[in-house]
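One structure coming up, written as structure tokens, with questions to follow.
Letters A, B, C, D, E and F mark the chains as written, and numbering starts fresh at 1 in each.
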Amino acid sequence: MTQLPPNGLPRTGLVITGHPRAEDAVRDGLGAHGVATVHEAQGRTGLMVSSLSPIWRGARTSGTAVTVSVPPGDNWMIHVAVEQCRPGDFLVVAPTSPSDAGYFGELLATSLSARGVRGLVIDAGCRDVAELQAMGFPVWSRAISAEGTVKETLGSVNVPIVCGGRLVEPGDVVVADDDGVVVVRRADAAAVLEASRAREEREASLRERYAAGELGLDVNAMRERLQRKGLTYVGYDAWLTAMGR
Amino acid sequence: MTQLPPNGLPRTGLVITGHPRAEDAVRDGLGAHGVATVHEAQGRTGLMVSSLSPIWRGARTSGTAVTVSVPPGDNWMIHVAVEQCRPGDFLVVAPTSPSDAGYFGELLATSLSARGVRGLVIDAGCRDVAELQAMGFPVWSRAISAEGTVKETLGSVNVPIVCGGRLVEPGDVVVADDDGVVVVRRADAAAVLEASRAREEREASLRERYAAGELGLDVNAMRERLQRKGLTYVGYDAWLTAMGR
Amino acid sequence: MTQLPPNGLPRTGLVITGHPRAEDAVRDGLGAHGVATVHEAQGRTGLMVSSLSPIWRGARTSGTAVTVSVPPGDNWMIHVAVEQCRPGDFLVVAPTSPSDAGYFGELLATSLSARGVRGLVIDAGCRDVAELQAMGFPVWSRAISAEGTVKETLGSVNVPIVCGGRLVEPGDVVVADDDGVVVVRRADAAAVLEASRAREEREASLRERYAAGELGLDVNAMRERLQRKGLTYVGYDAWLTAMGR
Amino acid sequence: MTQLPPNGLPRTGLVITGHPRAEDAVRDGLGAHGVATVHEAQGRTGLMVSSLSPIWRGARTSGTAVTVSVPPGDNWMIHVAVEQCRPGDFLVVAPTSPSDAGYFGELLATSLSARGVRGLVIDAGCRDVAELQAMGFPVWSRAISAEGTVKETLGSVNVPIVCGGRLVEPGDVVVADDDGVVVVRRADAAAVLEASRAREEREASLRERYAAGELGLDVNAMRERLQRKGLTYVGYDAWLTAMGR
Amino acid sequence: MTQLPPNGLPRTGLVITGHPRAEDAVRDGLGAHGVATVHEAQGRTGLMVSSLSPIWRGARTSGTAVTVSVPPGDNWMIHVAVEQCRPGDFLVVAPTSPSDAGYFGELLATSLSARGVRGLVIDAGCRDVAELQAMGFPVWSRAISAEGTVKETLGSVNVPIVCGGRLVEPGDVVVADDDGVVVVRRADAAAVLEASRAREEREASLRERYAAGELGLDVNAMRERLQRKGLTYVGYDAWLTAMGR
Amino acid sequence: MTQLPPNGLPRTGLVITGHPRAEDAVRDGLGAHGVATVHEAQGRTGLMVSSLSPIWRGARTSGTAVTVSVPPGDNWMIHVAVEQCRPGDFLVVAPTSPSDAGYFGELLATSLSARGVRGLVIDAGCRDVAELQAMGFPVWSRAISAEGTVKETLGSVNVPIVCGGRLVEPGDVVVADDDGVVVVRRADAAAVLEASRAREEREASLRERYAAGELGLDVNAMRERLQRKGLTYVGYDAWLTAMGR
């Protein structure tokens, strides 16, 4: 592998230490709102592709990203990354080329849990699904596979990576639940939390009115705009006649 | 979008009101039999593609179809459709071109539940999976995605649509469970219910005999036909010899 | 279908009877270790493709293979195979060309359960998912589909087949859990069990150390080798500067 | 297979004869415009799913639909359908449940060519690809597979079917090229041809202006509306500064 | 990787030398018939999955298999295999776990061509597609990817492997064209060639009759059997009336 | 869509003007080497996912990126981007959420060609495939679809985007051919060109030796390392005996 020395640093084999993280309260507040709300609140950006899905259902969490760029079929750098994790972190792993191998299992989850890490999103495979569910350690992955990986080649920790089609930088907030995974830039996190709260409040009021039987057409005052667009109501029998049936 | 006025009606932007529905007892009877039985009972027709799957497991239900044709990435017409729903209905939504966006979530489910709607099948995406499961509102969808939709373009309600590869007309019966979704023409529903009952009775008797250790070969008198087709039994050692192993 | 008579036997329509099986204790021992461990212990071979997944979560089992080669969309030979099953067996079914039809459901599961069969892996579709889960009969399949099959054409029982990309011979041990399915050659089974035990013991000790907060870097003495490969630690601010940010 | 006799007719095993077809000139005119234009001209409806693609590139054609509903893995009814074809027809084949088998090859294409049939769209597999290309017989299919089919079970000819996610009735116009396949209702065909011509004329004038270097922004007078929506132009250096880079 | 020593041999890292091959005339005769004919002639067995497709169109060839079992993302053993190839051979490569990496490109094709190898089928990725087409070296692969592989881990050459879902042993005949890839057991090759010839003759006569306008219904005497199964012809107007339209 | 004003700029609806580009000679030099060589030369980074493939075969080109972030199903911003293009540019388009709609066709290609743009890579759909091939305008896309898009919502031009799983910044070099698409950072382009040339020279010498019949085993001096890893050569008959066959 050719090594290009940009600015005096190796292109791979880098571990960036001591990166800043989003504030704890902001991180946890975002997690409470869940993926759909946070994604809307930040202008429908940052959602990872839906092929990254939870290996077990029912978790809703958030954490600050520790990023790991790994070679295809090689999980060595995950061991390196564990040391860089603090309580409240969330591991984000992407291979440099596609791989569905099982990079992650019970032992690594035990190690991450011991350090207070909240979960993992990996654009590759995961194994020991039953054990991870029993431990309550949540994982979002592209595949489930018992196929192991090797420990031969370096990657990097805490460099910016693309995971699930989205750029993730260390310290960004990752929010994940049964709907998927969304990333919030560290610099935006407080504003997105504020917008999420506003949105949730509005939704709570809507929920109450819908539950009471009010229609979205009325609650959102849609009728006039629909009519302007030309929405036409026709009785079933008139329609049958018009269609020649 | 060019508007072709066939028979004096707009091609999109139509809401057909007051369509007839299959009878309540027939609708509920079909739901009790489940997808596999109903599909067999109506001559193996009407099964939607298996890529439409339940967002949570364990529901078995049926309802009379209210159909919604929606533009890609636009869920406005679902709000229009809610008003056309009665207790016992089932929403059937298909985009006019492929979309995996999350057209449907907790708020719309709250509104539909308030009107007694039984469930949703959508040839697109759904979100708020955890909330929908907590509410007990069942959805069969092609994807799970937190990606929202807009409210810009008209579609139609209660026109015939193709959903999951099958034609659905308003008032048809939709039966759905963990095995998938099947559609029964309104005009056929009573006959299909009858055939489902007959099939179930036959299966109950088979189940008992199988549980008691009888073989399908004997219960279904298959041995003679198998022999006529040339089925040949060979001992393992004779086979090894014949294969030169 | 042209019939080539290799060695005097028909090419299809064969049922091989009385094949040897792996020993009961070995079979059950392998099942207790689970797929990921067994797969590693036998040198990362025998894992079926990850598109064969459990229709319900939480089972972990093993059994000795009874193999069934079936035509596309035809499950007749499964009925023939049931008679060849003994307690502790595991049915392995592969169509001769791709099919996602629902070859298997509650009635066949009832029959297999009555004979003590442990489970099914099928490189095709399965139905009656809710009923199979309620019975506790585990199935690993490529698809869930209510689409039924016919009973028109012969296949073979207990010939070597390719299922999930792996060769399976009758009497081999099949191990299956939430991670997937792995096949162990009958002749290797005892040695693989031994290797699985050794592996599990080593992992138990690792698990304890990880849970206590030790790092994989230290437990596995990786630091020196990482350094030799050129792993470089850089502080966040130094990195920002080097990147010109 | 249970037979439900709706209105005195069998549900399968039907051949409808002597159906009306769209006019020859309309059919051929639509073919000349191609799929993208026709699809737009009829209000973005009728486009089959993009997984139905040409087995060889470079054909552009149209024909009047002869529809065939076939069982999975059984091409018997295609032989029945050939007899119902006239010059200018287009065969449209859909299996009642998913199958990628190779239903169609050189021999059937020879037979259809002899009757003046223009092409085939099949929601399943095709084989003899090299021979079909050499003959110049165009096919749009979901898969290429040498896997043959049987001739055991009835289907129907010239009943309404769903193919590629769209309803097709006998006599409808099918337009197909490298972009895919679109269906035009027989009753709409003349109006859609008219709209296609209008669209093509407008596009020809646009093409000329674009080729001369005019911008879409000006040709379509988009600038003001973009500005109203808030489009903001920023110099690269100002942007770098704003981003803190 | 645990090494199990079955029968004194390592499980991986084996190169079997001097295996027997099918006869040259038989190998070439099968190639002339093509995949669809050969597959039918040997009783519809041996067809690889249709996801293995030609990287360029128009080749039809055959060769005797040299098999290569490779680790995921590692093409070292292909270099080892080249030395075992003779003129008329065909390389068959399968990774031990799924990989879409580009294992094979122009340099290896140059080396194989120099030894008279006819082509490659690989259940993984290939690169240098334009160069391979220019050289006329045909490849059937699962993916096209510029992603390279490493040379770190041993595999085996000329052991039985599963490729494209089919068992391949060294010396078997591989036939490949635009329809896909089929494998013929070495021991069956002469008989399959004979059956292919018979089939082709029958088809040539059919082709002539079809081209002359005869119908499959008559050529194959299908009418009576169709009638017995209940095929019903109905005029279009009668059908409209029966359907209540 | 909530607008978060980071640093005083809108989050969407931005057009960055006057960005720097890689040098012309470097851009063209990289294009001459092709994707596989460039990807290797820059340390196996920057390769887009293989699901982005050429809509027609035979193009090999390069250009400097003009990036476009578009809403799902909306191609308005491509019109905006055209104005920002100069000769030698390459358009890179990614939707903010997945869409296979046909964003791009003949008219836009005419406009881009008039401005000297070299090609397009789009993580979505494309139409008018036959016309684009006739014009010689190359496109790499995820899908081919005649489905049109709307012009309703703003996106951004020349902001950093993720396309095909890789980060692309305006001015980066895009290299594309039948093997796929690779992105080279503007700052790295000259060094990567140098490394590509060195690689190509080495390969030219290898190609000559392979064509002359030398083996990779000898050319690359692999034999000793293979032996050290334990590679074992066994004669076919000895192997048969060891396997008990």
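Keep in mind that, in the parts below, a contact is a pair of C-beta atoms (placed from the backbone, for glycine too) under 8 Å apart; a residue touches a chain by one contact, two chains touch by 3 or more.
Model, not experiment: these values are computed from the prediction.
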Note: chains that touch subunit A and subunit F both are B, E
Per the C-alpha fit, the turn needed to bring subunit B onto subunit C (nearest 5 degrees) is 120
At the largest C-alpha centroid distance from subunit C we find chain D
If chain centres are mean C-alpha positions, then the most distant from subunit F is chain B
Whole-angstrom distance, CA centroid of subunit A to CA centroid of subunit B, is 30
Subunit B to subunit F, mean C-alpha position gap in Å, rounds to 41
Distance in whole angstrom between the CA centres of subunit B and subunit D is 26
In subunit C, the residues touching two or more other chains are 6, 40, 44, 47, 50, 97-98, 100, 145, 147, 153
Full set of chain pairs in contact is A-B, A-C, A-E, A-F, B-C, B-D, B-F, C-D, C-E, D-E, D-F, E-F
Per the touch rule, the subunit D residues reaching subunit F in their complex are 34-36, 39-40, 44, 47, 50, 53, 57-58, 60, 177-180, 182, 203, 206-207, 210-217, 220, 222, 226, 229-237, 239, 242-244
Listed in rising order, the residues of subunit B that touch subunit F in the complex are 72-73, 97-101, 145, 147, 150, 152-153, 245
The residues of subunit E that touch subunit C in their complex are 1-4, 6, 11-12, 40-45, 47, 49-50, 96-98, 160, 162, 165-167, 185, 187-188, 191-192, 195, 199
Listed in rising order, the residues of subunit C that touch subunit B in the complex are 6-10, 13-20, 56, 76, 79-80, 82-83, 100, 102, 105-108, 110-111, 113-115, 125, 127-130, 133, 143-148, 151, 153-154, 158, 170
